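Next come two complexes, and both contain subunit A; in the first it sits with subunit B, in the second with subunit C.
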Partner chain A sequence: MRGSINRPPTPDAEEDRGQDLTLQEIINIKLIESGEKERLKELLRERLIECGWTDEMKALCRAFTRKKGRNNVTVDDLVHVITPKGRASVPDSVKAELLQRIRSFLVSAAL
Partner chain B sequence: MSAPNDDKGTSHSQLSSQFYGDLLDSIIVDVASECHRIARLGLDRNLEDEEEELRLSTQARARVADPSNSGEANSKYVVDIFGQTHPAVASEIFECMNCGRSIMAGRFAPHLEKCMGRGRKARLKATRSSTAAQNRYTRGSPISTYSSYSNSTSGNRVANGTTAPNEEYGDGGFED
Partner chain C sequence: MSSTNHLHQRGQIPHPCSHLADFRSKHGSKPFRLLQKCLRVKPLGRAEIRRDLHEVPRCAACVASAASARPRLYACVACAVVFCHSSPESSHAAAHADSMPSGHEIAVDLDRAELFCCACRDQVYDRDFDASVVIAAAAATAVSPTAMRGGESETMPWPESLRKRRRVDYRPWMPDPRERVLVATNSSRLGGDAESNGVCSPLPWGLRGLNNLGNTCFMNSVLQALLHTPPLRNYFLSDRHNRYVCQEKRTNLGNDKNASSRSRVCLACDMDAVFCSVFSGDRTPYSPASWWQHAANLASYEQQDAHEFFISMLDGIHENVESDQRKSQNQAQAMQIVPRGSAKIASSKLHLAYNGETESMLSGQRGGISTLMGCLDRFTRPERLGSDQKFFCQDCKVRQESLKQMSIRKLPLVSCFHIKRFEHSSYRNMSRKIDRYLQFPLSLDMSPYLSSTILRSRFGNRIFTYSGDDPEGSTELSSEFELFAVVTHTGKLDAGHYVTYLRLNDQWYKCDDAWVTRVSENVVRAAQAYMMFYVQKRFHYKASEKLVTS
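Right after this comes the complex of A and B.
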């Protein structure tokens, strides 16, 4: 048997099932498996485009890129540039719509 | 003692907020990644152009806000948004439809006055041939206004254009 491939042994499926998942992890799995997470993300993305939020964020990125120089910009930089303003400038109606959808999912999933 | 529903409500709210925050963060990363890609690949219309434009627009704004620049005084040398300068008097030449002479556009209004009988000389010519109209013409026409017409260097001032029709109605001699 060749021992040239060094990798950790495949985790035993039974061991995993024994672990306790937090509530959040359980919900996350349900969201993903049902496809709802994807739908929610697309809904949020669409609403943010409609209300001009995406354009605002892109403008912030462009301004930052202009200052720092096109080839010196990292994704991390841009994330840090957008995050504070991005989180604060989502319209209340959009936030409310998303929260409502998530809450209905939680209720329907009997969590 | 809080009802179990309340607890569920608050924990649902907390969970919802958490998931909403995750979704938003995920979208933020997507936007940042896209902008990064555009920046690195140079797909954005030239960023240097934008900077140049910004600089020029702030310059222009400063010039406009500057009180020492009077718009009237600089009208001969000011450049418009297409980069053209216009002389104070329009210099295009065309044919007058009344008398057929070649007239400069900037001098067209005063020319028309004389040509169509509104000016003092044209009127005197007309009155010589019509004795009945003579009284009307000599009544209160302010000569000073006419001389201001012939002296003005810019025939395309709106103010000049609007007073002319008023006088026409005031005289009423034209209909004859």
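Right after this comes the complex of A and C.
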């Protein structure tokens, strides 16, 4: 009974949620709530366009589609075939920049 | 919009899969309407699906959430359970669809607000759903970012650069030491007027008057514009078609086959010759005598239409490229620069020569000042076809009333707009010239007139129907054009004079047959334009053209 007196005025759902969240998820929520996640995504999109990665992926997808015939390809096939190549060919500089941005966000958010 | 239904028929928009069709026939549009309430638009205008603002969706089977990065999360449209799907190893979403009686195949991607069919393993499109996504996104961008995030205080404004897709900036090429040596040892400096005459010529390279050979200003005006069309100029100045080599080749060919092909004239050779003489540094007016033979029907001492000459030049260039057996990819591209815009009617692949059709609207009765943009707006506005012009719809198997809208499918590197300045009145049975003034911009953005833009405003972002048959075309990135030449006409229908204004180095020059003079921009703006030549902005290198003059 006493516990209820000291309870902070947060709604139940909020508290329940806090209990089983992993650190990763907490960070993710912070990123979303601050709008940083969208900014990061946009930055990433822009970098990938600049370095030609997007065009490269587009070309790979086109080549695959052409090989299989345009009516025999599903999004799933494409994701399956292209994802490993895509992950492997993201330039390190882009990864480093994103990592740096996330680090400085975490510092500023004082997590 | 009656025509939207009927676009399906041409295969431009993927057919809905049988599962989606079943789902719709069973449930109607109600599930999609419920989804609409969960649509949230993220700050940069992309939509997602969330029941409330702070929901952390996770897979019902393996509690993977969006933070665990790998799998995508999908909500079943029938029962709203969230499952993960990472192709093809593990898909709880597909397992869910299998375990349930039919009707649970359609799911929605939570982070992207896109429909997915778990049975087909493919993205599917629903018109109503996509339309509501588009409406939500449009509404969200209309209000300020703070308002759309539910009044939460926004700490950082969204930088403008993030909103717009930015292209890689143009960086001028600078030779490295090795290249510098190569350039120095292998090139001889053009003499130019400066040294030979002792007078420093203020005109940029390549400006040279063309002698009038007897009512040939129609030809001179078009030639001047062609001579300063950046891609064409670069092609010939980089020695891509050498007339001596070509001649030798043709002679050999002639020996093999018959003698008649030896005498065949080569348009590209004459182009090469005229480029050489014009860029030689000699400023005395040049006589382009050999040019007549390329427009046989116009070769007389009568006055002719510049546009007609231009079209026959284009045909000649195209033909030349096609007949060249050993054309390289690059040559083909360089030759394609010539303005052949392709316009579309509805979704049928009807290519129109832009030049002829576009500008019929200047004669339209409108108040105020006519502008080029106004003409283009008019050209691309939807037009309802009358009851006597019904299209046969393959889906409905009946003739339907339809809407016709022209748009530009792919932008050429160089666009030429031809203004219809003569009209024929059947009433008086005579033709007359339209002297009306037309305003034209120095920089033109063609994106509003593109098929992709027009379709997107109608169907939303997800349908990129044009990429399929246009492998390397990314039209959106190159919709900005710069004006580089204007051909004007003064006088009447049957007697008049053509003058070309050229924009070089951001300075305007008037080319009136043999006379080339520098003029102010206002003179050009006030001129009665007949043909306007625009080039894609990325080819309009202002900075590098300065290097050419110095």
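Quick notes
Quick note on the criterion: the second predicted complex is superposed on the first by the 92 of 111 C-alpha atoms of A that agree within 3 Å, B and C clash if a C-alpha of one lies under 4 Å from a C-alpha of the other, contacts with A are read in each partner's own complex, and residues count from 1 in each chain.
Operating definition for what follows: contacts are C-beta pairs under 8 Å (C-beta built on N, C-alpha and C of every residue); 3 or more make two chains touch, one makes a residue touch a chain.
These figures come from a predicted structure and were not determined experimentally.
In the superposed model, A:L21 makes contact with subunit C only, not with subunit B.
Of the two partner chains placed by superposition, only subunit B is touched by A:R103; subunit C is not.
Look at A:V75: by the touch rule set out above, it reaches both subunit B and subunit C. Judged by the touch definition given at the top, the superposed model places A:K95 against subunit B, while subunit C stays out of reach. Comparing subunit C and subunit B on the residues of subunit A they touch gives the larger count to B. By the touch criterion defined above, A:R62 lies against subunit B and subunit C together after alignment on the C-alpha atoms of chain A.
Subunit A residues 24, 27-28, 41, 62, 70, 74-75, 79 lie at the interface with subunit B in one structure and with subunit C in the other.
Contact residues on subunit A toward subunit B in their complex (touch as defined above): 23-24, 27-28, 31, 37, 40-41, 44-45, 48, 54, 57-58, 61-62, 65-66, 70-71, 73-75, 78-79, 81-83, 86-87, 90, 95, 98-99, 102-103, 106-107.
For subunit A in complex with subunit C, the residues that touch the partner chain are 14, 17, 21-22, 24-25, 27-29, 33-35, 38-39, 41-43, 46, 49-50, 62, 70, 74-77, 79-80.
The touching residues of subunit B, counted against subunit A in their complex, run 12-13, 15-21, 23-36, 39-40, 42, 44, 47, 50-51.
Within the complex formed with subunit A, the residues of subunit C that make contact are 42-44, 46, 54, 56, 65-68, 87-88, 116, 120-123, 149, 152, 154-156, 158, 162, 165-168, 468, 471.
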